[in-house]
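Input: structures, listed below.
In the two assemblies presented below, subunit A is common to both, partnered first by subunit B and then by subunit C.
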Partner chain A sequence: MTQIVVNGLLTGGVYALVAVGFSLVWGVMNVVNIAHASYIMLGAYISYWLFHLYGWDPFLSIPVSMAALFVLGYLVASVVLNRVIRYGLVMTLVLTFGVDLILQNAALILWSADYRSITPSYAGASLAVGGVMIPYVRFAVFLLALVLVVLFSLFLSKTRTGNAIQATALNPFAAQLTGVRIDRIYALTYAIGAALAAAAGSMISVIYTIQPQVGNVFLTRAFVITVLGGLGSIPGALLGGVLLGLAESFATVTVGIGWSQAVSFGLLVLILVVRPQGLLGRRFFGGVG
Partner chain B sequence: MVAAWKRIAVLVMALALGLAAAAPVFAKEDVIRIGAAVSLTGTYAREGQLTRDGYLFWVEKVNAAGGIRVGDKRYKVELIVYDDRSDPQTSVRLTTRLITEDNVNFIFGPYSSGITNATSAIGERYRVITIATTANAPELYERGYRYLFGTLPLATTYLYPVLEMAANLPNPPKKVAIITPDNLFAIAAAEGARQYAEQLGFEVVYFARYPADTTDVSSLLAAIRDAGAEVLLCTGFLQDGMLVVRQAKELRYNPAIMGFTVAASIPDFRINLGKDAEGIMGGEWWTPQMGWFDDFFGTASQYAAEFEARFGYTPTYHAASSSIGGYLLQLAIERAGTLDTEAVRQQLLKLDEVTMFGPVSFNEKGVNVASSAAGFQIQNGEIVVLWPPRISQGSMIYPKPAW
Partner chain C sequence: MAQVPAAKDALAPGKAHHGTAAPQRQESPLLKVEQLEVAYGEVQVIWGVDMEVYDRQVVALVGSNGAGKSTILKTIAGALKPKAGRLIFAGQDVTGQSAADAVRRGIVLVPEGRQLFAGMTVHENLLMGAYARRDGKRAIREDLDWVYSLFPELVRKRGQLAGTMSGGEQQMCAIGRGLMGRPRLLLLDELSLGLAPVVVDRLVEIVTRIHRERNLAILLVEQDLNVALAMAERGYVLETGRLVRAGTAEELLADETIRTAYLGI
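Take a look at the complex of A and B:
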């Protein structure tokens, strides 16, 4: 029983990190960022190659993959996304879908569809606490995900730039009137979203096998979590992620693993009916709720 | 004068036209045309190329030997290969083109059960025999098709050797858990293993189908451990296999036997998992180390050496099965003494051969029922074939070393 809770929590941590960047971009920019899947994938490949070619520990390569994807995200937002953002949700959806296709197929051409994995010496080791196994790697990933999420929410609430992002999310027009350059804020937000995806990708490369389509599985999770927790809400993403992890874990042992996705999507439908703005979302947040 | 020139010109043109028209008819009498729409790009590019090279190896070898003997004449083989881009619709279109425009006599199947499922319907409609060499989902052969023959044993038999080895231990384990991703081929292998396990007297304590995109099986494994399973069988692919091994280790769940289908025979599995792969077992359709033999290719290892000399890499079962598909067709044509589809079909049904790929004989459904997969165990980072006993290279480590 405790094992099931631990499994759910640990999985939930990864889910939360995957969802934070996605939720942020959706909440602030009103963009459903399909390319998030590719950013996860690229983060994972950066860690893979640094491990494979130079023997870098995957946890050490997280800053590198975050920085690289921050730059890529900034470029994508400022060069293409900002030009179409005023045409609404559908246009940006199509655009990010296109970016996603380009990146995934580029990865396919460059690195082939081969499954790859990082196996550091400590992979598979775990700590036994009263009969409950806590795998080191997953636990570290969980903690790191928590730290990143907390740091990021501090950044949003305590810094001037963070406040500008929140102001833009609440009302882009009013933010502009107070002197916020919203095109820059959009590019920055998008870049941070990509960097968070990259961090998640780097961690996924340690616990899962990667290939050019690896991000897609996590994208559907991110979507569910974002809606569960509330658009643009950072604590919401964390709560949604952990909730989804626990739901899947419990569904596996009670009704069977074949039903785990039915349970998570059932949860999604239930939230949409009972509390459409999400668990921790606010009605005005993101301008769509 | 001008009129005479005109007349000559017309004559020359007529002659040229006549020759052009006659040429294909002439060629048709001397060659056997075989068409193959296989995946050379896309998801299945790798397996598709292995399949194509297997076909090509047989074609070159049979042509070097003078061709196929049909009655008193010798026919060269012409292989027409198209790239289906790993897409069933494209494969169907290309197969139709092979039959209706290229007028092939026979079809060599594409890679994968899924695509073969689509293309074999075309062969069936036009009454052209399809030799499927890398498609073994049982559903394919349950449709009452007359012109489809599969060289691989059915996917359902994949884990038979592992179960047989377990049953033949002096102190056999009793409780078996079987897990499979939601995938046509994997489910077939898992269902086959479940039935066979019960037949052999095991108790199947856990059976689960999980979504193909599952990224976490820790709770599933915890449930399996609590059910007391001593044998864990998984029919998933490479990423499933690695996930199961890693998370079983994290949970310190040590089944006495761990068996996989496709995952364990892929070198990446052993390379990535290192010593965690030790003692893991699996089924394998063919390896060059298996001691099978026939008159045309020689032993399996001779085949592998010649193949490597030609293509620069060691052949896998995909290639070997494809080469054998060609050889079986050759035997059937030679025995029929004609290229007539019905006569060749009758001879294929009568085949009862031992080849370098293993024993082959087809039942009415076109399934190779003479053979099943061989069983192996990973020992010191290498694949050691252990089952069936007549091609065994070592002895089984039991139970599997603890993590």
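Take a look at the complex of A and C:
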């Protein structure tokens, strides 16, 4: 029982990190960013190649994959996404879906569909606490994910640029009138979302096997978590991530691993019926009053 | 015509100008709008508008609903791009500037319908107003104190989400946010819309006080001619995208056709 909870919590940390960037882009830009899946995948592959070619520890390559995807995200937003953002949700959905297809297929051509994994020396080690096994890697990933989410949350609430992002989320027209250059804020928000996806991807590469489609299953989870926690809400993403981790963990043990997706979407439907603004949705954010 | 320094004196009744509302003086206007045309896609809504606002002057733009008053203000504030014509601000051609640039030059719009950041507190809204400023924390702090002194009711509500306040309080917060940008030219769009008369009276009084204490130029748009001309010394009358009259507040209030058209008397 305790083991199930621990497993759920540890997985939940990564889920939260996967969801934060996705939730941010959705909440601020009203863009459902399908390409988030590819950014996770690219982050994972960057860590994989740095490990295999140069022997970099995957935890050390996290800043590299974050920086690379920040740049890619900034380019995608400023070169293409900003041009269509005023045409609404469907248009941007199609665009990010296109970006996702291009990146995934490029990865398929470049790196084939082979399953790959990173196996640092400490991969299998775990800590036993009163009969509960805590794998070191998963625990480190969990803590790191938490640290990133908290740092990001502080950035949004404490810095001038973070405040401008929140203002743009609430009212882009008014944000312009106070002097915010919203094109830049959109590009920056999208780039941060991609960088957070990359960080999650790097961590995923240590825990799971990866292949060009590795991001897709995490994208659906990010979607569920965002709706569960509340659009654009960071504490919501954290809570949603942990809840989903726990729910999947319990489902795996009780009804079998094949049902974990069903549990995800069951949770999604339930929350939409009971509390459509999400568990920790903030008032007036994401168009929910 | 005599050169008189104060705008009010220069425009005293009897010395009225016809056809132009610009006072005769050598000082160049703070804002000059030349042959402005604005279109939403294919639909043109503003036709050949010429306007001038001098430093430290309060000017009203009046007209019925849908005449294009807000469109002109938004264009001056950079939120809309003109189709043709020029905007000159402080001697500089600023035609086609972005809203973000306009704020940095000192043109601040308090938009119609308040447009507050509903999910932020009153205090956060006011601070966002100072977003583009580069003159340091201390100057911003001083302006914040000044805004709170203009609107004491906002002090008690500083921690409240802006979207949960009454219309009058929201309007005060919106004006305060605009003032936090330290404007040289303040654009006020439909200050009185949807507010109780007693609240409108108070806002009129405060706008007058703002003008007196900060000596800034104000261009305000109003549907209510009485409210507009209570604050302004000069006015322009807009009808379906074209200027039809211009003059001093006294002239416009005395004009039978305007009174009939806009006051319903």
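Operating definition for what follows: the second predicted complex is superposed on the first by the 285 of 289 C-alpha atoms of A that agree within 3 Å, B and C clash if a C-alpha of one lies under 4 Å from a C-alpha of the other, contacts with A are read in each partner's own complex, and residues count from 1 in each chain.
Keep in mind that, in the parts below, contacts are C-beta pairs under 8 Å (C-beta built on N, C-alpha and C of every residue); 3 or more make two chains touch, one makes a residue touch a chain.
No experiment lies behind these values; they were computed from the predicted model shown.
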Most subunit A residues touched (candidates subunit B, subunit C): B
Subunit B versus subunit C as contact partner of A:F218, first or second or both or neither: first
Which superposed partner A:S126 touches (first subunit B, second subunit C, both, neither): first
Subunit B versus subunit C as contact partner of A:I109, first or second or both or neither: neither
First (subunit B), second (subunit C), both or neither touched by A:T178: second
Subunit B versus subunit C as contact partner of A:S117, first or second or both or neither: first
First, second, both or neither for A:Y208, with subunit B first and subunit C second: first
Footprint of subunit A on subunit B - complex, ascending: 43, 45-46, 182, 208-211, 213-220, 222-223, 238-239, 242-243, 245-247, 249-252, 268, 272-274, 276, 403
Subunit B-touching residues of subunit A, taken from the complex the two chains share: 3-4, 7-8, 10-11, 112-117, 119, 123-126, 128, 133, 135, 137-138, 204, 207-209, 211, 216-218, 248-250, 252-253, 256-258, 260-261
Touch list for subunit C against partner subunit A, complex: 77, 79, 98-100, 103-104, 108-109, 111, 115-120, 124, 127-129, 131-132, 161, 163-164, 177, 181
Contact footprint of subunit C on subunit A as seen in their complex: 160, 163-164, 166-167, 170-171, 173-181, 282-285, 289
